[in-house]
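We just call them A, B, C and D in the order they show up, numbering each chain from 1.
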Amino acid sequence: MNDSAVLLIDCPDRKGLVARVAGLLYEHGANILHADQHQDHEMGLFFMRVEWALNGHRSGGIAAQGAAGSAGAEPFDLERFQAAFAPLAAELNMRWKLTTSARRPRVALFCSQYLHCMADLLHRWRSGELHCEIPLIVSNHREVENLAGFYGVRFEHTPVTAATRAEAEARQLDLLAREGIELVVLARYMQILSPGFVARYPAAIINVHHSFLPAFTGARPYHAAHARGVKLIGATSHYVTEILDDGPIIEQDVARISHRDQVEDLIARGRDLERLVLSRAVRWHLDRRILCYGNKTVVFD
Amino acid sequence: MNDSAVLLIDCPDRKGLVARVAGLLYEHGANILHADQHQDHEMGLFFMRVEWALNGHRSGGIAAQGAAGSAGAEPFDLERFQAAFAPLAAELNMRWKLTTSARRPRVALFCSQYLHCMADLLHRWRSGELHCEIPLIVSNHREVENLAGFYGVRFEHTPVTAATRAEAEARQLDLLAREGIELVVLARYMQILSPGFVARYPAAIINVHHSFLPAFTGARPYHAAHARGVKLIGATSHYVTEILDDGPIIEQDVARISHRDQVEDLIARGRDLERLVLSRAVRWHLDRRILCYGNKTVVFD
Amino acid sequence: MNDSAVLLIDCPDRKGLVARVAGLLYEHGANILHADQHQDHEMGLFFMRVEWALNGHRSGGIAAQGAAGSAGAEPFDLERFQAAFAPLAAELNMRWKLTTSARRPRVALFCSQYLHCMADLLHRWRSGELHCEIPLIVSNHREVENLAGFYGVRFEHTPVTAATRAEAEARQLDLLAREGIELVVLARYMQILSPGFVARYPAAIINVHHSFLPAFTGARPYHAAHARGVKLIGATSHYVTEILDDGPIIEQDVARISHRDQVEDLIARGRDLERLVLSRAVRWHLDRRILCYGNKTVVFD
Amino acid sequence: MNDSAVLLIDCPDRKGLVARVAGLLYEHGANILHADQHQDHEMGLFFMRVEWALNGHRSGGIAAQGAAGSAGAEPFDLERFQAAFAPLAAELNMRWKLTTSARRPRVALFCSQYLHCMADLLHRWRSGELHCEIPLIVSNHREVENLAGFYGVRFEHTPVTAATRAEAEARQLDLLAREGIELVVLARYMQILSPGFVARYPAAIINVHHSFLPAFTGARPYHAAHARGVKLIGATSHYVTEILDDGPIIEQDVARISHRDQVEDLIARGRDLERLVLSRAVRWHLDRRILCYGNKTVVFD
């Protein structure tokens, strides 16, 4: 097993931040696997992601070259590190999150009638690309039921009408709570979530919008793109906020189209984009590569 | 010399259009080099571009295989064809344009302070990529003067202020008229042309906008893109219409950016996009590959 | 139902080909939906794809504008057209193929242990993107068995060892013959087919190779790409010929990588490319958009 | 002025490298602007690039938040830091290079008859994109002479024939030495440099090859790409080594082509790729973003 820990930090920028974090990790004998940091000079903010091995060795023959003596062969003492890091973080006004790869986040997938993103995510999950549990699929339609069954995931049908929206959301929130869901993925879920729902999962609901945001927000973006005569279409994955299609963008991609492409061709081309940008966003979130600030994201690669 | 003729057609769609146009060309012994057509089924429109040799042979050994006998070796009689085609076009309600490669359109380039598009277009012109004459460069600044001199192009300085806009445009229009300009290229010209100016050159003014339209219209699009936190930036070349940044799109392209990129990085990356989408639009226009209809373009490849 | 016919032609280039084919279709009252042609001037070859409606009307309100009178409302008489076209084709030395959308080709999918392309193709098929029947899945492993079951496709396990290769291929060929298979798709099938097998399905076996051909032919291309330090990886779909990884290329795509990407990252990124280029190739083949000549393809868009 | 220093390091990987380098910089009061590191786990190597301000402040209001007291307002003492860093580097077996933005490397551009890369580089240089001096242009032809004159760069004509190659190279090396050249850029220079020449400028000669390496090495790659029927063409910038087209790849890019594109179209499309990949490579080299190891590059972004 190759367990690792990931520490995500954001705080006001100041001198010595890398030195102090890296120094503390070094003192505790960490084998750093990846480290990345970013400064937003304009806003005076500092961001860091550092990942290190927990089980005393890493792939390759590096441990043998370790300078810190026998520490390389022992498991990393995460609790001891956390106890030492907390006061440093407080002193430096850090927001931080420390997680381990052994703990797999619990994810719920929402969809409506289009299943291409859902099928894609489930296949990636089954084949090991997505490091999470998927205990729950929710839909206001029944098209996904067979697919959920094939992958052995609980399916809950929550039909939504204008009259029953509040009730349906209450039921959905109850399901999420009972299943201990930490991330909600809207895989072409065509209902708008209420502000109250969104507020319960800050930076923890990922949506895919079928346009190159901020162009063509709202309904029927492919129709709008066709009407405008654009030469590229796009798709965007983003965290959901109270304002429709306005949350922090995680990933975008585009495909070339031509005058020959009708709306149905745009929709078909777009499906591939939607699959790609949504699955990347989910994977990066699960790999704890994303930090939100303001209305933007830092995505460490 | 390999002269060719290009016929561009658009008309209401109906059966037999290809058969009748191709049939007439065949009767006149045309060696068709390229032919392309497009139907907009939704609007019931038909578009066609056909290019054929004028000088009785084409590159490659094809002529030897010609089935139409000695016609292959004689120059194509364009006047006779045109006389026969006009009544057909009238019958079928065609808008059409017949041009020959021997006639090189006269183009004026406008710019302000940024010269990257200008330098790029001039180099492409000099090296033979753009089949046109460039007798005139106009700018509200003087930065481009040396470059114009190097390429031997007349430079006219037309400073513009709020108070002198009308006067400056009158002078520009006079210059364009005297030089017999058929296409105006706004190579990062940062002044907005008046509706009266635009009306004089319908589908004959090409602009480059430094965003992926319709996102980020208007001023400072890179700043807006940075503020929104997009993951791709774009550039768009389009025909200028009365409404700012709203004309028929000719070409778009995008480049990936990340959280590391500041506004100045976006501006630098964007320059490459601007060069590419503008130069492609100009070349396609000169090669008579573009048909405008509604607020869209057909670009034959 | 919107049935259509597609005529694919290739022949020595000569004057009047478009006129004569389009003229014949016009005489028979065809509502042409799409037409495209291509000339290879160097080799003196002509290629054409034309698609027309079979059931007397097409989407949109175009038929009402039809000039050919009542013909627009009647079904197209395909047999009568074919009888008239055959002598023309013979005169002009055409190779040609006339098919209708009502007839769905029968396709077999082959795979080994990696299922991403298989899962992708099956989902696209189920959701209507691929116009074919898929009566058969063949694999030298058993991983795909459940997936085949979910989609209701017959699964046949044909283990292959050096000693049993000939026998396994004989069994596979027998299965293909019994199921009336017209197209074989190698969806990451990791066995090399014998020349005898390949000869049975000329231009009817599509493979995906996990590199940007002709770079990195043969085994372990991602390892080779990593060793060479390339900055983009690619995938290629192509028709299978006797020579490994050398057949006519149908589609290619690439993705950017960096020094941070290890071989396993390349493999993961590559899976998305493989899915895309293989599914596009299969769709284009089924939509009869591809013509092979020499060792190349014409792909009409 | 915003002067900065860049430290590039590569060494055997071991624990604590980031901590020790960052710690030393912190002790000396460095305002770090950017820091990036990379580990090649397979080879046990560590790479780092760190950039910090030299003149006591940086853009934005960050300095006011500096924790290290008045150090933020004083110029950074580079010599003192270097004296302290050298023994650390020796202890840790580091190869390292410390440079400042105030010192602009001296670059020579070589070309033959095609001027698109040359014109592009010179314009970028003039407009401030490339932080270097360009005192010398060398060519075996005279086409570039006017362009060199326009940009005020010394032009040297060094014709090369099979018989005079050694002599020409001796003259070129002499010119480079006299001008104190540190980087040679082959902007479509169509002569092969001798091993002796190459050995004089290790990782300091950048070439652009007009294919997606390792496909289509050697002469006439666009012809080879056309013959193979690829669907994308590419260009590659790389450091020159003794083996032709085999040096460490810096950047690659591709463009989509179709069956309609003849060799001359590939050449035209390729020019845009060549400009882009060569100019990026030169800029990254000048910004000291590239580390070579084995036959690969790390390009810090």
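Heads up, the rule we're going with is that a residue touches a chain if its C-beta (ideal position, glycine included) is under 8 Å from a C-beta of that chain, and two chains touch if they have at least 3 such contacts.
Quantities reported herein were computed from a predicted structural model and do not represent experimental measurements.
J.: Counting C-beta pairs in contact, does A-D beat A-C or the other way around?
T.: A-D
J.: List the interface residue numbers of subunit C and of subunit D, divide the shared ones by all numbers used, and answer same when the ratio is over half, different when under half.
T.: Subunit C vs subunit D: same; shared/all numbers exceeds half.
J.: Starting from the mean Cα coordinates of subunit A and subunit C, work out the distance between those two points in Å.
T.: 36
J.: If you average the Cα atoms of subunit C and of subunit D to get two centres, how far apart are those centres in Å?
T.: Between these chains, centre-to-centre, one finds 43 Å.
J.: On subunit C, where are the residues touching two or more other chains?
T.: Expected reply: 41-42, 258, 260, 301.
J.: Going by the contact rule set out above, which residues of subunit B touch subunit D in the complex?
T.: Contact set of subunit B toward subunit D: 115-116, 119-120, 123, 127, 129, 146, 150, 258, 260, 268, 272, 276, 301.
J.: Provide the residue numbers of subunit C that touch subunit D in the complex, in ascending order.
T.: My answer: residues 38, 40-42, 212-216, 228-232, 234, 248-254, 258-260, 262, 294-299, 301.
J.: Once bound in the complex, which stretches of subunit C touch subunit B?
T.: 12-16, 18-20, 22-23, 25-26, 29-37, 39, 41-42, 44, 58-62, 65-68, 71-72, 256
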